[in-house]
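This report concerns only the one structure given below.
In this document, chain identifiers A, B, C, D and E correspond to the written order of the chains, with residue numbering beginning at 1 in each.
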Amino acid sequence: MMDLLDLILQPWIFIPLIFPGLTTAFLVLLGIIWAERKIAAKVQMRYGPLYVLKPLGGAIQMIADLLRYLFAEPIIPKDVDKLTFIFAPLILFGLSYLPTIVLPAGPGFTAISSEMSLLILLGLLTLSPVFTMILAWGSNNKFSLIGGLREGYLVTTYEIPLFLSALSMAVLYGTLDITAMVEAQKNVWGIFLNPLAAIVFLVLILISTSKFPFEIAEAESEIVMGPFTEYSGIFYGLVMGASYLKLYVLSLLYALIFLGGWYPLPSFLQNPPFLAGIMVFVKGLVIMFIAIFMRAIYPRYRIDQAIQIGWHKLVPLAILSIFLSLLVVYLGGV
Amino acid sequence: MSEFVETISRSEDGRFLELLIGPQHPASGHMRLVAEVDGDVVVSLRPNLGYVHRSVEKIAEVKKFLQIIPLVERPSLADTTANNLAYVLALERLLGVEPPPRAQYLRTLLAEINRIHSHFYGIGIHGVMIGSSTAFMWAFGDREPLIHLAQELTGARITYSYIIPGGVRRDMPPDFPDKVEKVLRYIERRLEDYDKLYVRNPVVRARLEGVGVLKKEDAIRLGITGPNLRASGVPYDVRKADPYCAYPDIDFNVITREEGDAMARFLVRVGEIRESMKIIRQVLKKMPDGPIFAEKYYKMLPPNLKKYYEETKEVKFPGIFANLRAPAGESVARVEGGRGEVVIYIVSKGGMNPYRFRIVTPSFRNAVLFEHLVRNVRVADIPAIYGSLDYFPPEADR
Amino acid sequence: MDLEEVVQRVKDALSDLEVEVQEKGPNVVEVKVNRENVIEAARKLKGLGFDHVKSVTAIDYPNERFEVVYHASSYSNLELARFFLVLRVDLPYDDPKTPSLLEVWPSVLYLEHEQYDLMGIDFEGHPRKERLLLPDDYEGIPPLRKEFKIKTEGINA
Amino acid sequence: MAVERVFDHLRAIATGAKYLFLKPRLTLMYPDEVEDLPRGYRGMITYNHETCISCSLCAMVCPADAIKMYLPKEVPEGEKRPKRYPGINYTRCIFCGFCVSICPTFSLQHSTIHDVSFYTFEEQIFRPEEFAKGPPKPQYDKEPVKVRVIPDEERGLRYERV
Amino acid sequence: MVCGLKGMMWVGNLEKAARKAAVWLVNKRPIRDIRDWGISFSLWPVHFTTACCGAEFAATSAPKYDAERFGFLPFVASRQCNLLLIEGTLTKKMAKAALWVYEQMPEPKFVIAMGACAIDGGIFWNSYNIVRPMDILPVSVFIPGCPPRPEAVAQAIIMLQKKIRKGELVKYEEMEVVK
C-alpha cells in the first residue's frame, strides 16, 4: 500500500496523472463550466443549474451533461472528411492537456525538468489551434470554415505578444525554467515587477482560450458554433473541453510566472508537494474565475477589432514590457 | 430603382461564399438571411421572409369583428397592445362608437406599459445578438415587473385583448398606481446599471457606433418607421402627428437622434423608455373618473350584468358582441407601437366579417433595411444591425 | 393645415389629370385615378410632400374589378403627416396589371411585392416576381382572392 | 479618451461584480413556489353545468373555434331536440376570455390554473361532461408554496407567501 | 486505403457485434438508469424559433423563471442539442426546416409542442399555410396556451424529465452508431 503511494508520489507519475494532470484537469473541467454558468447566472439575477443536486447548487450539472454527451449518438455527417473529423478533436484534446506535464507542482517537483520548460509549454500550446483549423476544414461547413479562418487570424495575432510577454518575464528572471522563475519570485511576485506584462498576458489568455470579449471563433450569433458546428456527442465534449483545458494550463502558468507560484508559502510546508500544489491551484483558479467572469460583462469584439487590438495595442505593450523587464534588471533585478 | 434590382449578384468565379443564415440559426429568428460574403465582407444580403406567414388577413375575412382582436395581437407578441388598439380604433371609426375618457386613459396606460416592455424585449435581443447574455437576461428580467403590472390590469401576461370596441374590459385595481410607481422607480434605478454595464461598455460601443448607418433621406424614402426612423433624425411619431386616445392631453417629447447608426437606434429605445415612464405618471395623475364602457353597448346589457359591471368594474359583453355587424364603408387607423407605426385598414360591405382586412406592421416596413443596411459590412455586423432594428419576423410575415 | 386646404392643394396639383379627389373622414384625402395616370399622379403627389407609402392593399371584387389602394403620408412635412392620402386605382378583373410605383416611392418595394404574392396583382416594372411570403413552390390561386376558400366550422361539434 | 475607456471598462466590471456579490435574484422557484395569480387572471376555464342555459354565445364568440356545442352522450328519452352544451378544446383555446366575458349566467369562469401540460393530444379535449368536472390540474411532486408577487422598488419583484 | 475508417478495425461483423454489445451494455439496468438521469437533467433545446411563442420561451430562460435550473439550456446548433421545442405555429415553409433540424439532431431526441398553434393551429387553425407538428414529428409533451405561460413550459420540462427517467422515451435498439 505504501509502495503504491510512494509510486504515485513520484513526480513523473503524480504530475501527469494527479496534479496538474489528468485527474485535476478533469475535475476542473467539470467545475469550471459549472462555475461559468453559475457566475453568469448570478450576475444575471438568476440561479443557473440547480435541480440536478439542489443542496449543492447543482454542482454535478456537468456530470449530467457529460453523460448526455457520452450516450448521445456521435453523428459523422456524410460530407465530412472522416479522418480529420474524428481524429482532430482527439489530438486537439490531447495537445491541450499535454502542456501540464512541464508545469511544476512544487519546488523541484517536476515530471520533466528542463531549462527550457517555458518554451516547451508555449510551443505545445501553439500547436492546438492548428488542429482547430484542421477540424474546421474537415467539417465541410461554411460556418466552420469561417470559424477556422477566424481562429487562424487570431492565432497569428496573439501568439507573438504571448511569447513576448512570457519572454519579458524570462528576461526579468534570467531563466526559461518555470521552476527557477517561481524561485526567483520568493520575495516579490512577478506581477509587481512587471505589471505591464501581467496585464498583456491576462488579455492574451482571454483571446487564446476564446473567452469574452474575444469569443470570436465560435461566435454563436454570427457563425453558430464556428469550427465545432458539426460536432455532436462525445466529440463535441472533447472539443469543448479542449478550450477549457487550455484555459486551465494558461491559468496555472500565469500563477507560476506572475503570481509567485507556491510562494508566499513558508518553505517547511512546501514538501510534500500537496500544499505547494494547492497554492498554485488556488491562484490558477483565481485567474480562471476572472476569465469566465468576463462572460457576464462583455459582448464580443468583431474579428477586425480584435486583430487591431492585438497588433496595435498588445504587441507594442508586450515589447514595452520587455524593456520594462530590462529596466528592472538594470535597476537591481530580483 | 436600380438599387433593388438583382441585389444578389452571382459571382462567376465562385469568389463569393453564399451564407444561409437561418431559419435555424441563433441570430436569425424565424427567417432566413441569404448573405453573400467576400472574405469577411458582406457583398449583399436578402431576407427570405414567409417562415411565419400565417395568413392573418385571409383568416380575418372569415372571422367576426370581435374575434379579430386576438387575431391581430398574435403576430407581434411582444407588442400586442399596439395592434389591438389600432384595430379597435379602426373598428370604432367604422361603428361610430366613442369610448369614454377613462377608457381612453386606460388604453394609453396599457399602451405605454407595453411599449416599455417591448423596448426591453428589443434591447435584450440586441444584446444577445452581439454576444452579451447579461443584457438579454437583464432586459428580459426587467420586463417581468412590467408584465406583472399589465397582468394585474388585464388578466394576461402578454396577449391582453384588453381593448374592445367602446372601451376596455376592466378597470384598474385600486392599488394599481402605487405598484406602478414602485416598478417605475425600480426601472429608473436599473437603467443606471444598464448604462454602466452595457451602454458605456467600450466593447458595446465598438460594436455599435458607426455600424449600419441609415441616412435621414434614405429613412424617409424607404418609408422606415418607429425608433429606427427617429434614430435617423425624423421626429415623426403618430402620438404627436395624429394623436389618439389620451395623447393630446399629455406632455412628452419625441426622442430623436441624428447619427442613424445601431447605437442611435438603441439609445432612442432607451430614451423612449424614459419618456414612457413620464407618460405613465401623467396618465395616472390625470386619470378621470367615470365609466369604462361606451353607453351604447352598456344599455344593451341585461340588468344582472349591469349590476355585476357596477360592482366589479369588469365589463361583460352584451350578446350583440358575438355577432357584431359593421355598416358598409371603410376605415383606417394608425397607432405608434413599440416597433413603429401599425396601420390597419378595414373594408366592410356590411355584415359580420370584414370584406378586406389589411394590417401593415412596422417590422414589415422595416424589412427593406436588411438589404439596404447590410452591405459592405462585416459578417459580424449582420447580427449587430439585425438586433438594432428590433425586427420581429412573425410581425412582418403576419 | 386643415383638411380642406390639403384637398385643395391635391386638386390643384392634379388638375391636368383625370382624377377624382374627395375628403373622407377627419384626415383622409382620397384620390381615384386611372392606371394610365397613376405614375404621373404619384409623382405630383410626392412633389406635394407625400413622401412615403404606408400600405398597399389590393381588394378583390370577384368578376368585377380589382382595386389597389395606396395609403401615403409624409415624414418630411410634419403638418402633412396628420393626413392619409389614399390613392385608388381600379383594374379590370381579367387583366390585373398596374404600373409599379417603385420609381416614385421606393417604400412600396415590399408592399407591392406582397400584393403580387398574395393577390396576384401584376405590378409592371417591379423587379421582383418571386414568392415573398408564400412557400417558394406554391402554385394555384393567390390566397387572398375571394375564390380561394378556407375551412370554417360551425358552432356545433 | 483612452483613459476614459479604461474607466468605462472598470465601471462595467465593477457593476458586474456588484451583481455577483450584492444583488438579490429575481427567480421564482417554480415548481417549489407557484405564483398565486390575482383575481381575474385568465387561466383555465371552469364550467358550471347547472346554470348553463345553452345559449351558445360562448361558441359563437370564440375566436379560435375552441368551444363547441356538444350533444349529450345519452340523449334523454322523449326529447326531440336535446339541448347542446359547451365543451372546450384546449388544443385551440387561446385564453382570450371572451367566452367568460360574454356568458350571461356566469356559468363560465376563469380559474387561476395556468401551468398545465399534457402527454397526449386527446386528453386536451373536454366534452361538457368532463368540462363540468373542473379544469385540468398540474402534476406537482409535492404541494408547492403559493406566493404572491409584489412589485418592489429595490428588487423589481418580491415573492411573499400567501 | 487501409486508413479509411471502414477498413481500419471495425470490419464487418466485428463492428456489428461491438455495436450490439454496446447497446446491450447501455441498456443494462444501472447504466440505463444513470444514462436516463443524465439525459433528463441535460435537456438542451435547439435554438429554433418557429413562431411567436419564442417570446415566452425566451421569458422561460430569463431570470424570473430561469429554466436553466432544470439543466435546460437553449443552445445554438442542432448537432449538440437533444430537444426540439416547436414554439408556436409551424408554417409549411418552416415545417421543412423543422424536419431538417430534427434529422440533424443526435439520438436520443425529444419534441415538445408549445402553444395552441403547435398543437392544433390555435387561432390559426384554418390557415392555408400551417402544418400540425404532431403530424410530422413525434411530439412527447403538449403545452396548451397562446402563448403558454413560462410556468407551463417549466411544467412540460418536468413532465418530460419524468417520462425520460421512467425510461419510456430513450431507446437505443434502433439507434445507429455511425451514420
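As a convention for this text, a residue touches a chain if its C-beta (ideal position, glycine included) is under 8 Å from a C-beta of that chain, and two chains touch if they have at least 3 such contacts.
Being a predicted model, the structure only gives us computed values, none of them experimental.
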A correct list of chains touching both chain A and chain C reads B, D, E
Contact steps required, at the very least, to link chain C with chain E come to 1
Note: chain D sits from chain C at a C-alpha centroid distance in Å of 42
Chain B to chain D, mean C-alpha position gap in Å, rounds to 24
Between chain A and chain E, the Cα-mean centres are separated in Å by 33
Residues of chain C that touch two or more other chains sit at 134-135, 143, 148, 150, 152-153
Note: chain E residues in touch with at least two other chains are 62-64, 66, 69, 76, 91, 93, 123, 125-129, 146, 149
Going by residue number, chain B touches two or more other chains at 25-26, 50, 53, 55, 58-59, 62, 70-71, 134, 137-138, 141, 144, 159, 197, 201
Each pair of chains that touches is included here, namely A-B, A-D, A-E, B-C, B-D, B-E, C-D, C-E, D-E
In the complex, the residues of chain E that touch chain B are 46-56, 58-59, 61-64, 76, 78, 88-89, 91, 93-94, 97, 100-101, 117, 123-124, 126-130, 146-147, 149
Chain E contacts chain D in the complex at 63-66, 69, 116, 119-123, 125-126, 134, 140-146, 149, 151-152, 154-156, 158-159, 163
Interface with chain E, chain B side, in the complex: residues 23-26, 29-30, 50-55, 58-59, 62, 70-71, 74-78, 121, 124, 136-138, 140-141, 143-144, 147, 157-159, 392, 394
Chain B partner, complex, touching residues on chain A are 40, 43-46, 142-143, 146, 212-213, 215-216, 219-224, 295-305
In the complex, the residues of chain B that touch chain A are 17, 19, 25-27, 40, 127-135, 137-138, 141, 197, 201, 203-204, 206-207, 378-383
